[in-house]
Amino acid sequence: MGSKPFEYTPQAADVFTREVMARSGQNIVACYQCKRCASGCPVAEETDMVTPNRLVRMVVLGDIESALTNKLTWKCLFCHTCGTRCPNNIKTGRIADTLKKMALDAGIDPQQPEYKNFHRAFFNYSLRWGRINEIGMMGEFQLRNMWDHLRRGNFVAIISEVASKSTLAWEMFKQKRLHLSFHSSKGRDEISRLYKKSAGRKWI
Amino acid sequence: MIVGEQKPLEEIWSMVREHRNVLLLGCNSCVAVCHQGGTKQAGVLASLLRMQAAQEGVDMTLEVDGIERQCEHDFFMHMADVVARADAVLSLACGIGVQFMAEKYGATPVYPALNTTFLGAADQPGFFVEKCQVCGNCILAATAGICPVARCGKRLLNGPCGGVSNGKCEIHKDLDCVWRLIVERLEALGRLDDYEKLFPLKDWSKDRAGGPRKFKVEGQQP
Amino acid sequence: MKEDREQIGSVVIVGAGVGGMQAALDLADSGFMVHLVSRDSAVGGTMAMLDKTFPTGDCAMCMLAPRMVESSRHPNIRIHTLAEVTAISGVAGNYTLTVNRKARYVDPARCTGCAICEKKCPVKVPGEFDQGLARRKAIFTLFPQAVPHTRAIDPEHCLYLTKGRCRACEKACDAGAINFEDSPQQFSIKAGAVLLFPGLEPYDPTVLQELGYNRWKNVVTSLQFERILSASGPFGGEIKRPSDSRHPKKIAWIQCVGSRDPHNANPWCSSVCCMYATKQAVIAKEHDAEVVPTIFYSELRTFGKDFDRYAARAAEQYGVRYVRSMVSAVYEEAGTGDLFMRYVDKDGRMVDESFDLVVLSIGMQPRKDAREFAEIFDISVDAHGFPRTSRLSPVETSRPGIFVGGTYQGPKDIPETVVQGSAAAAAAMEILDRSRGREVKEVTLVPEKETGAEEPRVGVFVCHCGINIAGTVDVKKVAAKAAEQKGVVHAQTVIYACAPDGQERIKDLIREKGLNRVVVAACTPRTHEPLFQDTIREAGLNKHLFELADIREQCAWCHMGQNEIATEKAVDIVDMGIAKARLLKEIKPRSVPVTHAAMVIGGGIAGMTAALSLAEQGFRVHIVEKEARLGGLAAGLLQTLEGENIRDMVRRKNLQIDDHPAITVHVGTEVNKTEGFVGNFTSTLNDNSEISHGVVVVATGGNEYVPVEYGYGESDKVMTQRQLERMLTVKRLQPEDSFVMIQCVGSREEPHNYCYRICCQDAIKNAIAIKEKVPSAQVTILYRDIRTYGLREDYYTRARDLGVRFVRYEVDAKPQVTADGSRFRILAYDPVLEQEIILPADYLVLSTGLRPRPGNRKLGEIYKLTRNEDGYFLEAHVKLRPVEFASEGFFVAGLAHGPKTIDETMSQALAAAGRAGEVLSQKELAASGIIAKHDREKCMSCLACFRACPYGSPFIDEDGRVSHNEVKCTGCGICATLCPAKAFQINGFQDNQITAMIDSLTEGWVAGRHTAKTRTEQKDDRNCKCS
Amino acid sequence: MDLAYYPGCSLYQSAMLYNHQTRLIFARLGLHLHEIDDWSCCGATSAGKINDFMAIALPARNLGIAENSGFSELVIPCAACYSRTVVAQKQLQDFPLLKNEINQELSQKVKDNIRVSSTLDVLQREMGGGRLAAIDLEKLEGFRPACYYGCMHTRFPYDVPVADNVENPRAMEEVLKAIGIKAVDWNYKTLCCGASSVIYNTECALDLMAKIMRDALARDANCLVVTCPMCQMNMESQQEKFCTKHNIKERLPVYFITELIGMAFGFSKKDLQPEDDMFTTGMDWTQLCGDSV
Amino acid sequence: MTETASAPDAVGEETVAAAEKKAGPSSWDARILAFACHFCAFAAADLAGIMRLSYSPNVRIIRLPCTGTLDHSYVLRAFERGVDGVFVAG
């Protein structure tokens, strides 16, 4: 959405669209821009006007840069309201998911590192132990955040992070939500074999 | 065709209000075509007058009739009784018909319901425009069939005056300058040379300036 | 198709909506016996529910009711209500159908439609006609004007039929019409052809709960909103919202509810919603100036004739706000019942807005039982359940002799439904050419008595109508007063004048007392006059010596409980009738013979189709074609969007025409002049040949627009869609080829501000063809609104699935094309991303529309046929007479009438052939009785009538004076009003007759004012005494 | 009736209460839950963000275990686990090659012979049947719950059959009706609460939750009822925060549906919220129901 | 076509009407003659009856085949003979 005209290159657009379609499993080209998705999107106010329909349009026209670096891709809540009401059954949430993966593949810094860190922490934890232990998982998440802040030398962020998360932990503890027990699954071997198998796969 | 226009009701009323038996006589020729003087209009006028009479408390009998032309004796053949019953006639004919009747029925007052306005044509249905001033000496042959006498604001015979702007007359801003029309038509006819010819002085003796004109069909006995 | 076995001259039509009725009337009028089978208890279909219709704003019921009455009265139409066809056997020309009729429990022969039973019925259920917004009784009619007006008992809710007690209706019915013993019946009908017009089912949006229908009270469907707007609807025409009857100010329409949604609803476009929403918004605004209408849409599909301008007017003059954004969900504000929703504006900003009422523009879909229905008739259906038809034979099914049309065939609006009604009728007439008139019985009547010289002898019959009239009006007193009137020799009351015994009584008295005028004081002449006219005709009186005084609908029923006043009024009404009756004259309509031949002007696909149909129906046809050969624009087309071969079809039709003995083709000629009138025309062509014919079909076609935009003509790589179509058949495309198509070139902008209907489909057809041949080739379509209406939406979907890119542009930011070597760079502004985009292209394809033929002007002048501001011929009535001109005997089809697709052209051509065939099938044409009579003696040829008559019946005769052609006259009376010489009088409504009515009324009524005044004074006196 | 049971990680941790109550009321209904052996994490929403293959493989392992345990139906109380498992099951059906690849690594193969149900599915079905007849229902008065379903009851990232109305689900209302409680109708049954974004996009999540809260209050609801542990945790643990931020004075308890059912079944507060354990809802619901419990 | 205006009556009537108008609409008994097109307005009047809508009884309707037939003279004659209002509907 810049002021400079966008140079549309049909063949390149085609290649990009096909990859997003294959990885997300969504028939993106079916979109006819009715904007139902945008009207129903719970985070649409916070995405600098990149609404789901616009995200689809970026993909279809092969505007790779905008598609991989916009706010919607990172703020999408994955609530699937868009896809449920889409007359063409396009689940923009899954497109956003795909674009995030593609952005990370392309070495683009995530717009919300915490987002990446949370899901990475969760996923890794589940692989490692077979089950999630919330305190442990959150700990990993925090460590990842800290590491990011450190990398950027953002010490103020570290302090506020510690402050806010300890408040949260205290709240949860007061509400008897935090548990110190530890759980794991014996199927970790199977899981790690499966994980090896997944290496290098772009789509299912 | 003679074009007329019905007078305001108040004026007509003031003419007939003193009478008790009034005949409204339509003329089903020219003035009927312009929806002013036919039998139907006579009926409508009678209705209006009746209501006027009722409102003013005047007891009046209004009779409605109509004939083909009020300028020929023969059409009045069946009218003798009808006219005799009336103490006044309100004629919906043009000025000719009114005078004709006035002369014909000496003792009965005849009033005009119409103002006779001009001789014209129906340019569009319902829109009448003056075309002829009965000057008695037609020059249309030289002016591409368009009459400057009737249609020039100043009756100029040798081209337009200096007041033409955007092809319109300076007297009536919505009126096309007749000389512009004449020139355009001459051009279209390939006869622009005619425009270059100067008109000699027009013979106005045949105009009505010399008093009422007469005409006799050849061989007709008076 | 035409087998030797016996051809049956009857046709069964399933479905009695506007399309079925049109077909029924066409067939019945041209000598076929018609069985009109309706599942409902009354005819009318969906159109009867509508308030007004677009784009004219005509009242739907006002247009439909006369047809319903006409269908019910037609001697050649039998209406079977509450009936369904359950089986069919036989072949085209000779089918046998089994019909099941449900029990009605009310005897139509006895029921007078008085509705007293309805009042007494204690059961209330949600009324289907008012879409559940109001309640009806268990004994009911669908709507007040229902035809037949016989009530029906709904056995599911009737207390007696479900629980065995009540019978209140039976007790209330004086006519003894209630019959609880009624049982379902099965019978069979033989028919030569079967026409299926079962209509549509409105989409039920309950499943889309995010929109809140059946959840939030103030969310209504568009059909409910029609009922809300309707004066006979649940709120009496006031716009109120269901939750609290408050007058809503902000009203939102949400488009495409149930349509264009393959994921959650139906994939097709319902074709009519954009227009009806616009219409509803406009009408709502007319009802209540404070209404602020907003329409949420994604694409505005106002593709019909004059529709774009209508929408523009709605926006500019009525302030209808169009928001190009679909609403995702409708929420209800707790407590107020207001509705709020969020949508994204054109800048991508989220807007929260609250509304008082939300209307869901629901689409149409096949009936739930569409598949079973098709199985009964053994016709094949498509994936959606619509009957399978071809774009090149739009009303033919897979089974010969079974034809379809209307919304059953596919989503469409009223005029297209009417067109297909006539088209299907024509198709049936084609296969039944030998059995025309076979099943129709002619009635022989006693000779008519001459009464011209007699003094009026009036008989007056005042009807009780059970207690309908007599309960309010003192009928005895009315009859007694009538007896006092001048010329009345007999006056009496009757219990039911319309019942057989009542009519016998009237006939006896005509004979006994030598009556020569009859006045019946009963119900409305609109439904009952023809019945009584037939009655007096049977007694030997001219049927125009009859007058019906309406003291039921217009007196008793609207002044209930004011018996004295109602009686006074009834006396006045009857006296007026008598005053008129005294002056009634016999009317003997003239009739003229008919030349059984048609002249078809234009030999394109419309002309060829109409000509072949007429020839198959058994009439001579002359095709007059300007060019050297037949085919018109269609000759340059290859195939339809659906892939049907147009070229083959044109070739086939050419051969059929060559071989047909009844068709004469005049190529390279034009019509110089035509003289005469309906049934009797003589035309001279410019080769001096002369043709005698009874009708004229104008099928002069259109021209392809040759663009001046976007560098057309400067490079052979800039082309029109039709050129591209031809190129694709001969040229090998390269894998990297890229195409950019630009829509609406030369359309939808002044001075050609209308949609050509065909361009979106052409572009999509070619884009699909490119992608199917070379998937790696790239196609981008720059468009304003994609208008693939109806089932064509499937192809829009298919094009997108194939990877065709669609980029919208706005009319004030049109694409700019620059040459880039042998390629092009197109700069376009994408309103979705609010971003300029540069598109490279090897080929630039312009989607151009059509233009009316310049020759239409001359033709219009010759025949006095009007054209719209765009130069297309104007039909007699936009909704109900779409293929006829106001002038009798002239019909129109194809592009001469307006832009349309090939299937629409073929439907219209068939319809024109059907309507024309109806005229040609008459032995002679009788003028209607109620027409203007012209007195040439009084006429002075002022031309007022000649200019004002909408039907062209006054004409300048050979002697240079005005004459009047009564065959064309409809009796509207404009001539009579204008004529300064009073040379015109309307039969049955002469000046003296109307004046007599006025005089009679004012004598009794106004003169009686003093009595009224005295009464008031007395009352005042009484009041004084009391105090 | 015997059912396989997959509690999922959170029911062993932050939503331990839900696990406890589900087991309690199922037992009372005569439905025997058999926790499957050595189940592992389903990957929740996170796996799909990182690794599409694992997003299917993780639940596939649990499916395999459940199917080989001999039960015909697998009950999953957690909405996220349920969603992942149902979607994976459908994807395994739709992509047989993928299923083979995954099965190669599994000791308990996926055979696709088990029905996956949410707790709510089972409750709706079984409480609609004759099972309630055997239970003396306590009459619960004063409850005007707003049933809050969240995203995961009816919306899935992959097309799977949904029994309830997607936009206006009624299952909770029907279950509550069976125990004599009439729920209010309201706008935001399925609006997203922000889910895990509360951790990394807190403000947005708080705004969404406030929206939900406001409408429930406007409809005169006096509690929220949920089936999703994530929704329960968000709406409850963040309530103070989002109410303060949006200036909402009232507060509402957020019950798992099992809690209300448990009360109707006559369980005491102690039964439903054992004091000796480290959990309870943050709200004191005795205020609402008085001594009837 | 001879007609005598009933002057005294008319005067009386006018005065009465005027007096009644002053007294307020409730006591003024306006008499309306309607001319209605057979196809629309007359049908509407029928519909009013069918729907049992009640309206003032001081209206009398003359049916015309089309309001195109409405001659000036009808309206004038009605007024002349004392009706208070003419209603043309079509």
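Residue numbering begins at 1 within each chain, and the chains themselves are lettered A, B, C, D and E in the order written.
Going forward, a residue touches a chain if its C-beta (ideal position, glycine included) is under 8 Å from a C-beta of that chain, and two chains touch if they have at least 3 such contacts.
Only a predicted model underlies this, so the values are computations on that prediction, with no experimental measurement involved.
Engineer: Touching both subunit B and subunit E, which chains are there?
Structural biologist: Neighbours common to subunit B and subunit E are C.
Engineer: Suppose subunit C were gone and every other chain stayed put; which groups of chains would still be connected through touching?
Structural biologist: Apart from subunit C, the chains cluster as A, D | B, E.
Engineer: Of the chains present, which has its C-alpha mean closest to the combined C-alpha mean?
Structural biologist: Taking the mean of all protein C-alpha atoms as reference, the closest chain is C.
Engineer: Let me spell it out: compute each chain's centre from its C-alpha atoms, then which one is farthest from subunit B's centre?
Structural biologist: D
Engineer: For the interfaces C-D and A-D, which has the higher count of C-beta pairs in contact?
Structural biologist: Greater number of contacting C-beta pairs: A-D.
Engineer: Report the inter-centroid distance (CA atoms only) between subunit D and subunit E in whole Å.
Structural biologist: 74
Engineer: Take the average of all CA coordinates in subunit C, do the same for subunit E, and state the distance between these two points in whole angstrom.
Structural biologist: The computed centroid separation for subunit C versus subunit E comes out at 34 Å.
Engineer: How many Å are there between the centre of subunit A and the centre of subunit C, using C-alpha atoms for each centre?
Structural biologist: The separation of the two C-alpha centroids amounts to 56 Å.
Engineer: How many Å are there between the centre of subunit B and the centre of subunit D, using C-alpha atoms for each centre?
Structural biologist: The computed centroid separation for subunit B versus subunit D comes out at 97 Å.
Engineer: Taking each residue of subunit D in turn, which ones touch at least two of the other chains?
Structural biologist: Answer for subunit D, listing residues that touch two or more other chains: 166-167.
Engineer: Can you tell me which residues of subunit C touch two or more of the remaining chains?
Structural biologist: Residues 210, 329 of subunit C each touch two or more of the other chains.
Engineer: Out of subunit B, which residues touch more than one other chain, so two or more?
Structural biologist: 40
Engineer: Give every touching pair of chains, nothing left out.
Structural biologist: Taking the chains two at a time, the touching pairs are A-C, A-D, B-C, B-E, C-D, C-E.
Engineer: Going by the contact rule at the top, pick out the subunit A residues touching subunit C in the complex.
Structural biologist: Residue list for subunit A touching subunit C: 1-2, 4-11, 13-14, 17, 27, 29-41, 44-45, 49-51, 53-54, 57-58, 60-61, 63, 81, 85-89.
Engineer: Can you tell me which positions in subunit C touch subunit A when the two form their complex?
Structural biologist: 210, 256, 260-265, 298-299, 324-329, 341-344, 347-350, 736, 738, 776, 778, 780, 786, 796-797, 800-801, 803-808, 827, 830, 832-840
Engineer: Which positions of subunit C touch subunit D when the two form their complex?
Structural biologist: Per the touch definition, subunit C meets subunit D at residues 207-210, 215, 329, 331-335.
Engineer: Once bound in the complex, which stretches of subunit B touch subunit C?
Structural biologist: 26, 28-29, 32-33, 35, 38-41, 66, 68, 125
Engineer: Note which residues of subunit E are touching subunit B in the complex, please.
Structural biologist: 1-8, 10-11, 14, 72-73, 76-77, 79-80
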